[in-house]
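Each of the next two complexes has chain A plus one other chain: chain B in the first, chain C in the second.
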Partner chain A sequence: MNVRTHMSMIFHLDKCIGCHTCSVACKNIWTDRKGAEYMWWNNVETRPGTGYPTQWENQEEFRGGWERKKNGLNLKLHTRFQGLLKLFYNPSLPDLRDYYEPFTFDYQNLFNSPQKDVQPIAEPVSMITGDPIDIETGPNWDDDLGGSNVYAKNDPNLESLPEEVREQMNELERLVFNYLPRICNHCLNPACVAACPSGAIYKRGEDGVVLVNENSCRAWRMCVAACPYKKVYYNWSTGKSEKCILCFPRMETGQAPACAHSCVGRIRYMGVLLYDADRIPDAADVPDEELIAAHREIILDPHDPEVIAAAKANGIDDGWIESAQNSPAYKFVKEWELALPLHPEFRTMVMMYYIPPLSPIVSIIEKNLFRLDLMNEDYDFELFDRLDAARLPVKYLANLFTAGNEGIMRTVLRKLLSVRIYMRRKTVDGVVDDVALKTLADAGLTEEEAIAIYKMTALPTMEERFVFPPYHREMSIEAGMDPLAHKGEAGLGYIQQPKRGS
Partner chain B sequence: MEVKHNIWRSLAERSFVIILLSGVLLTGSFYQATASPKHQSSDEGQGIFEQKCISCHSIGGGIVVGPDLEGVLDRRDRDWVASFISAPDQILADGDPIATGLLAEFNGIPMPNLGLPDAEVESLLTFFEGGESVAPVTSDPLPSGKISRGEGLFTGGEAFDNGGTPCIACHTVGGVGLFGGGSLGPDLTHVFQRYGEVGLASSIQNIAFPTMQGVYAEKALSNQEIADLLAFFAAADSEGKEGVATGATSLFWGAGLLGAGVLFGVMAFFWPKQRENLSDRLRRDAGITSRRHS
Partner chain C sequence: MDWNQLFFVLIPYISVTLFIAVTIYRSIFRPFTVSSLSSQLLERKKLYWGSVPFHYGIVLILLTHLLALIFPKALLLWNAVPIRLYLLEISGLALGLWALAGVVLLIYRRISVAYIRKVTTPMDIVVLLLTLVSIITGVLTAVGYRFGSTWFTGVFTPYLWSILTLQPRPELVAPLPWLIQLHVLNNFILLAVFPFSRLVHILTWPLHYLFRPWQIVIWVRERRQLAE
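After this line comes the complex of A and B, so read on.
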């Protein structure tokens, strides 16, 4: 057992209101620079939708992630030899139009325009060329299904759904969408690291943050192509690749990453997970239907004395272990088994997890029979018994979070629903009846667990949502530099301007 | 009180010893510094001469590459000799009449600036004052050389036994090599005529040129290799070709154009097969035509 620590984020999708505050917070801190205009280290997508960059999940085009072959896991992008052949022209690389051409508006015109018969407008201009453009797409063009005929119906996750279900989803009565906020998943088996010919990307030992060393990056952009989540971006101005750094400077000082901190719906949780690094290769190399189980298997119980002893043998201090024991991430991922990785079939072993959203029941549950008179609680029971009546097809959610395994998705959704039914009985009716208790038991939860899940979902304090270990960064750097050397200094940007061709 | 007193006393004692010791050392080192050069100057001068000058000069042994230095201080002003040894290139560049005359007399071969520090120049002059004679490098008579092997060694077609760099990396000989040689060192087409056989052999055997010294310091050439090179240089001098080999330029352009043509041909085949970006494709499928004017 090789125990390591990881900072993991949980996204409770039922709570996401799609306000993009996280994206804006991230943009303002990290990517408001020349060359980074088109980057959204954090973005929020509307689902069903094609996301950002357009159809990033379509790995037949982008070839990200890993592939299972006879000799084990291989990069889907290329073998080493193919990589050498494609060194200077990589067809799988997304180009700027796959993201979008970043734009702003000519606001000056509102003030400086000469007098005309019509109101002056702020014309859109490209942030790259500065010329006026017609905006054709954006980082969230199909927001709230705004472009559903063009984009949402091309969501790769709809592919395995029967044609009639896909058609039904386009009917007005069944229209449904949810939001999917995405950051770098800081994978345990990162394809970007594996693909980098310069060895410029690495995973930090202490918290698992995957970082690009800007001094070693030689702009091969293999990471951009190899990342199945398209979360490494190429900065055309500096000629280096960049990605989400999980706001490690904030975490090291005990603050939540900017996206999580600013979240209006408080959907994000962060905490330490302990995992067994020795078992990563085996866990990534199992059949699709076993991926979730194998993934959960390598997350270790921080209360287990054997795990604690192994962690200490690996130099993990008590502060981190205690933090792991209080971690909301551990509770959601392992204890309650509610949080799921996004697209486990890419086999990069992501360490950011999602609690899938519940959706309303369809208005038409039988042919020509409108059931809009159902009470809220009846919806829930209706759903609990017949998950297929949910507007978001279970198969669709399974394609997103469980590599198509509907069984696991049903278990998770039923748990969430049973907690809702139980708490509604308890707080609205004041009585918990046998029917509610039966749904809990059917979902495999005890009353205590249901209350704990409810509290962590609806009433958590800031300290319960964000459990940060003491990083003691000042201690780990004091051998090499004075921890107070930069005290009082502030600002962003490159410490050294990267030089090209060196 | 007792303790404090002791500390002060021991401190005073120690500082006295330190001052005494440093006085002795200072005087000694001053004596050493002033005494050593005078004492050994003449021997040192001979050492420097045999190391750095002998490839081109003798004292009483006749002309090698440069003039015989016997009685040089009788012929020239001592200060002039000193400044010439320190920076011959500077003196020449300043248009000094004696230096210009010497350059013309010795086949236009300028003396390289050896970068000698003033102390070494002074040692050399002291050695010249002593009037001792030094014969030119008298090695065993060189074996007979083969022109073809000499050319091989020059172009790098054959390796030097001690692994020295082939001459062509820095030098050019007219008509040798597809695109000529390097231009760091001088053109060697007529080097045989300028240096003469003895001078050329001597300067290869005992290299005086600062740039070459570093390159061949650990990789001396064997006598057979020198003989082969000399034979090659003699042949190159008498043939007297200039410039690069004939046909090389047209070959260069021809190959370049052909290669570019092939490259563009391959590109013309693959260019239209580039991946269409996905958002464009989705819009096209949905029947939305791009409104971009460009």
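After this line comes the complex of A and C, so read on.
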């Protein structure tokens, strides 16, 4: 057992209101620069939809992630040798038009325009060339199902759904969507790291953050194609790749990353996960149906004395272990088994997890009138026993979060519904009847667990949502540099501008 | 000092010195500036038709130059059979023309595509034009003064070695036609420009990728132990 620590984020999708505050917070801090205008390290997609960059899940085109072959896991993008030959040009790389052409508006014209018969306008201009452009698309052009005939209809996750279900999802009475906020998943088996010919991308051992060393990056840009989530971006101005850094400077000082901290819906949780690094290769190399189980398997119980001993033997200090014991991530992923990885079939072993969204009951057409598809006898709005009457098809969610395994998705949804039913009886009706208790038992939860899930979902304080370990960055700096020797020196020393070479 | 001394002794030494010193300085002290500065994100179609022929052509031709420099005897032995000589010359010429087509398209792309103009530095143009001159003079030499692969070993192999071993013999190049002299001079200028331009990307061709493990994990803790 090789115990390591990892910072993990949980997204409770039922709580996301799609406000994009997270994206804007991130942009203002990290990507408000020349060459980075088109990058959204954090973006929020409407699902069903094609996402950003458009069709990023279509790995036949972009060739991201890992593939199972006879000799084990291989990059879908290239073998090492092919990688070296394809540096001059790489067909799998997304084009700027797959993201969008960043634009701004010529506001000066509102002030400087000569007098005319008509009001001056602020014309849209490209942020790359500065020329006027016709804006054709943006990073969230399909927000709230806008243009759904182009976007929602072409969601790759709909492909394996029966034709009639897909048709229905286009009809008004079955219309449904949810939001999917996405950042870099800081994977355990990252494809970007593996694809970088220069070895410029690495994972931090202490917290698992995946970073690009821009001093070593040579713009071979294989990482951009290899990441199945398209979360490495190429800065066309500096000629270097960039990606989400999980706001590590904030985490090192005990603050949540900007996206999580600013989240209006408070959908995000963060905490430490302990995992067994020796078992990563095996866990990533199992058939699709077993992926979730294998993934859960390598996450270790921070209360288990054996794990604690192994962690200490690996140099993990008590602060991190204690933090792992209080981690909301551990509770959601492992204890309650509610949080799931996005597209586990890409086999990069993500460390950011999603609690899938519930959706309303479908309506049916009866005598030309719309009617909710309710059981007449008891007007049961709940979908507990009838998940197929939910507007989001279980298969669709399974394609997103469980590599198509509907069984696991049903288990998770039923747990979420049972907590809801139980708490409604308790707080609205005032009595918990046998039906509610039976629902809980059927879903595999105890009353204590249901209450804990409810509290963590609906009432968590900031300290419960974000549990950060003491990084003790000051100590690691002291080890490499004598603070007394540097006392009196001005600040950070000689740091070079990230200026484009020639 | 006559022209010969200037072109084939002084300039070569300035070039080689700049090449070595500045390249080392830049890789150690200015690593951020070392990049192939890909522009595929902004324009991909012309890049494909330009970059692929150009690179395959130029890299293979440079390799044969290098082989002729290091293993002249082997080259002569190969050329001893006429059919093999023709084969070598024809493939060399084809690669040259291929590279020529590529570089012309790359220059056209730099000038005509608005997105690419935005990321074009003066140095990019200098490099592309110098490369163009190199390829044109090279191809013309191959056509006009046959058979290069045979006389290279008699003239250039000793000349280049004389430069590298600090016993310059410019008289070897002096009697050559001006076209070939231009090819040589231009390449030395290209060498001088090399460390100041994106050409440094050639030296960072990541061969070690074939041997490194897939995953890279770096610990602050281990660095701490090293420091102790």
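Operating definition for what follows: the second predicted complex is superposed on the first by the 455 of 502 C-alpha atoms of A that agree within 3 Å, B and C clash if a C-alpha of one lies under 4 Å from a C-alpha of the other, contacts with A are read in each partner's own complex, and residues count from 1 in each chain.
Definition applied: a contact is a pair of C-beta atoms (placed from the backbone, for glycine too) under 8 Å apart; a residue touches a chain by one contact, two chains touch by 3 or more.
Keep in mind it's a predicted model, so treat the numbers as computed, not measured.
Trainee: Specify the outcome, clash or fit, for chain B and chain C once both structures are aligned onto chain A.
Mentor: clash
Trainee: Output check: A:V286 vs chain B and chain C. Expected answer is one of first, second, both, neither. What do you get?
Mentor: A:V286 sits against neither chain B nor chain C.
Trainee: Check the residue A:F88 against both partner chains and state whether it touches chain B (first), chain C (second), both, or neither.
Mentor: A:F88 sits against chain C, while chain B stays out of touch.
Trainee: Once chain A of both complexes is superposed, is A:N189 in touch with chain B (first), chain C (second), both, or neither?
Mentor: In the superposed model, A:N189 contacts chain C only, not chain B.
Trainee: Going by the contact rule stated at the top, is it chain B or chain C that touches a larger number of residues on chain A?
Mentor: Chain A has more residues touched by C than by the other partner.
Trainee: Looking at the overlay, does A:Y151 come into contact with chain B only (first), chain C only (second), both, or neither?
Mentor: Only chain B; A:Y151 stays clear of chain C.
Trainee: So, does A:C19 touch the first partner chain B, the second partner chain C, both, or neither?
Mentor: Neither: A:C19 stays clear of chain B and chain C.
Trainee: Contact-wise, after the overlay, does A:A452 reach chain B, chain C, both or neither (first, second, both, neither)?
Mentor: neither
Trainee: Which partner does A:N215 contact after superposing on A: first (chain B), second (chain C), both, neither?
Mentor: second
Trainee: Regarding the shared-chain residue A:T50, is it in contact with chain B (first), chain C (second), both, or neither?
Mentor: first
Trainee: Report, in rising order, the residues of chain A that make contact with chain B in one complex and with chain C in the other.
Mentor: 91, 94-95
Trainee: Where on chain C is chain A touching in the complex?
Mentor: So the residues of chain C in touch with chain A come to 30-42, 44, 47-48, 51-52, 54-56, 114-115, 117-119, 121-124, 196-198, 200-201, 204-210, 212, 214-224, 227-228.
Trainee: Along chain A, where are the residues that touch chain B in the complex?
Mentor: So the residues of chain A in touch with chain B come to 50, 53-55, 58, 61, 91-92, 94-95, 97-98, 100, 133-134, 136-137, 141, 149-151, 154.
Trainee: Within their complex, state which residues of chain A touch chain C.
Mentor: Going through chain A, the ones touching chain C are 80-81, 83-84, 87-91, 93-96, 128-129, 131, 189-190, 193-194, 197-199, 201-206, 214-221, 234, 236-240, 315, 475-476, 479-480, 496, 498-502.
Trainee: Can you name the residues of chain B that touch chain A in the complex?
Mentor: Residue positions touching the partner: 274-275, 277-280, 282-283, 285-286, 288, 290-293.
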